[in-house]
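Look for chain A in each of the two complexes below; its partner is chain B in the first and chain C in the second.
Entry: the complex of A and B
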């Protein structure tokens, strides 16, 4: 390949932009190791005190655990509902089912504050405020668009003649769905489930509106930490999350490479 | 006869998710319209108040300005990345792709927190500038529009890159090669042959970033420090500080209508179905 000013511009430009994407994520790492009690770079030596603080805090650990299990519940609920939905729409494939698919992605487009306001009023009526079920229900609704999109993408690559063959060989609708369609779209379901977990695990605006004291999730704990006092414990938590994301990204790109 | 039965069975798969979405999501959001006309008094009071308020006008203008600048920033930066990934094949291409996707795994909250660490009065940027003697008093990088914009562009950038990338992957090299073979310079071939083909991707990216930015709450609230009141924060402010549910709802309706209008206008330039329904 020849180099030209044009290529040099795009190549260096791209790396500069990628550095802009990555580097701010990494600043939480040195901050989390600071020996000071405020947000700042380590002064004299590295210290693990903020990690100790995290692991000895019932509040932080409780919030983490709550976020994990709510996220798992949301992932399961959204994957089951969203997969059934997408398979149904795919089998119907009419104008009506396309409209149904549009209805299901509405939560992507409605601003978070607006939908949370709607949730709040309705959840008050249903007595769901500050309950785990209330949060799981809200998060499932927010996760459904992502599940339905990724499952539908998997279905779009599935040959319709395969299901027709199953039907003409005598399989019922349920048998076709369970033994033919689901095994074929498993990767899409997995992607959807992971998305659903992440949507729930990171969600903050809804939780701020729908919970008071009983339910405390990790994003809420971080949010309150930032509002009240910027305590380096947040940086320790953020470091965990950033390192986990690095590992997840590496795993995904390695899997793509071998696939 | 069995065909009809099948249709019913198919709809039974669709129905649970659809019913939950309509009952627990669509209806509550529509309920906001009702609140805006009934609280504190029946009528158009909230809307009159909204249109007469200068603070509301300022907030809407600010919201559209921030969303527009964020969109332009994301498109410029994102285009360069998408172009390099899809046109320069190298060993490092998968790494570039991974770096684009990485931010999706990190919550907006953490990303905003990182920018607070960087841009604060005694943040890393100010400290570094002072240590090397470039400034004597800290620069105001945060709690203003600049800080919000920097962090918003950072958060939204992947949403701009991915649609452009999907589009560029489908563009055949042969057009640009033909233009080059006929004597066009690299730049001319890019400008008149390649770039026009990428416009659908650019428009999808722009739409996605603009719509998401209009309603964004977390980043402006944290980086703006109460001084950059975008409409979402303005709504929570009305409700939490003044318990003004009626006005808050009217503002929400206005924001929803604004979002819908943007989508309607965009539908003329963008294939909404492929931009939203079929994106990966």
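Entry: the complex of A and C
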């Protein structure tokens, strides 16, 4: 079979687009292995010195851990609040609850700078500037729409009569939520939690507005690293994050296959 | 009714200006198989969900053995419920589903296990205890839902169109099983359906609803053979409707006329004043077909529909209009073809005088 010129054109085009998307991401890998002390491709040989620097720098490691534990706290808080909100709306299922759902999703549409400015003005009044709690609170609010969308999608697939069935069989509303609804929407909650973690983990605008010296997250550290110096450690950190993401994605898809 | 298990008094449910239930009174006897029958929008499901506690009545009361339960939440009413969509818990096995009501009631594990086995045997699903609901067919899922609703020995079992989602043959099989289960357990069943065959084949008593009101209630035989209104006669089975004038009355025997056609009508329990007009319902299977001249009316065959066990013949009569006749194919002895002239007639007790609606 002869391949038509059109097909060759579209195939080449598709690969070119893919390369355009991926290559800037992958270029951090050779840079992270550079033997120079500035950002650039390796000159004479490959070197792991910048990885060594990352894993031995208290500043970098501290920022990484801060981002991770803030992310986990945000994931837990946003999943609990978002799930409670969604189940409540689903059970009530009135016009008011539909409006409430839309209102909760609106913050996605607001530009991050505007939102951060809003946070900043409020957080100053509440005395939350440069506190861990302040960052976690702001990130939880940013992550809530994603959790509620994900949980609501799971609820939409659930037969409403399941609630009626549980109650006719003697379960109170609370027992129905705990023993019937939550187990059925657990995949949606998990997805929402992962989303919330990611939202928090790479959030930079809010952190720049809300923190000074005490709270230092990884995105902020990278940002300041680029501003102050041209240290290739940033490329090592970036590569490390890419590899971590790949492992996480592979783990999730493997789990789905076996499930 | 002496000591009804369930009493509904003067129940009203309004949705804006619409009355889903319009002053309905209903008593349910202990151990009865009661069917609420009606077209969609008749209020039958509203009545059932009001009994279950999912619909708050605008007015009126529900009482269980004399105790007012109008404001009790569903979980305190102790009624099992079976739904059209089965509503099994998707994350639980069959065993966990059936044991759920007992677990909620904090019964010991050994008792739950024994009772679940017993209930699964009851619906012939003993071999499926460890399956997930998604691995079962529709009919199997509905058996599990039934076992689950019966496992805690409910006061009353409420069934909301439980067979509607199943195919015809399975539906017929399950009708026999449901009836047998009811007779075996003696539990009170309240069954909602829009399917007249289900209502007729299983019920001890049928309540026919229309526009939120009870039209008529009674045993299946009475409702079928003595419908009070045109709606009941039309909804339960097929009927011919004749507009007639009462010509003469002798005791319970009326002589009615429609044009030049005259025929006898049994008026037991009806006033039927001479000179008044009346509407009469006549079941298609009560009409006899003969050669022309051997019965008191003559008509022309317009259309014939062969249904296997029965044959439906549509006759036209000069005054009465179209008349539907249903005769068993195995004994009709005549071979109706369109255009053929046939004699037709019926016994006086085949006619039912209808009340004006």
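The criterion applied here is as follows: the second predicted complex is superposed on the first by the 237 of 259 C-alpha atoms of A that agree within 3 Å, B and C clash if a C-alpha of one lies under 4 Å from a C-alpha of the other, contacts with A are read in each partner's own complex, and residues count from 1 in each chain.
The working rule: a contact is a pair of C-beta atoms (placed from the backbone, for glycine too) under 8 Å apart; a residue touches a chain by one contact, two chains touch by 3 or more.
From a predicted model like this one, the values you see are computed outputs, not experimental measurements.
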Chain A as common anchor, with chain B and chain C clashing or fitting: fit
Which superposed partner A:144 touches (first chain B, second chain C, both, neither): first
Partner chain in contact with A:102 - chain B first, chain C second, else both or neither: first
Touching partner for A:180 - first (chain B), second (chain C), both, neither: second
Broader residue contact with chain A after superposition on the shared chain, chain B or chain C: B
First (chain B), second (chain C), both or neither touched by A:168: second
Chain A as apex of chain B and chain C, Cα-centre angle in degrees (nearest 10): 90
Partner chain in contact with A:132 - chain B first, chain C second, else both or neither: neither
Touched partner set for A:159, first chain B, second chain C, both or neither: second
Superposition-derived minimum Cα distance between chain C and chain B (Å): 5
Chain C-touching residues of chain A, taken from the complex the two chains share: 158-159, 161-162, 164-172, 175, 179-180, 183-184, 186
Complex interface listing, chain A residues touching chain B: 1, 4, 6-7, 10-11, 13-15, 17-18, 20-22, 24-25, 27-28, 31, 39-41, 81-82, 84-85, 87-89, 91-92, 97-98, 100-115, 117-119, 121-122, 137, 140-141, 144, 148-150, 152-153, 156, 173-174, 177, 198, 201-202, 204-205, 219, 222-223, 226, 230, 234-235, 238, 241-242, 244-246, 248-250, 252-253, 256-257
Interface residues, chain C side, partner chain A - complex: 52-54, 73-75, 77-81, 83, 85, 87-92, 100-101, 104-105, 145, 148-149, 152, 158
Interfacial residue positions of chain B with respect to chain A in the complex: 6-7, 9-18, 20-22, 24-32, 35, 77-78, 80-81, 83-85, 87-88, 94-111, 113-118, 120, 122, 124, 127, 154, 157-158, 186-187, 190, 211, 214-218, 222, 232-233, 235-236, 239, 248-249, 252, 255-256, 259, 263, 276-280
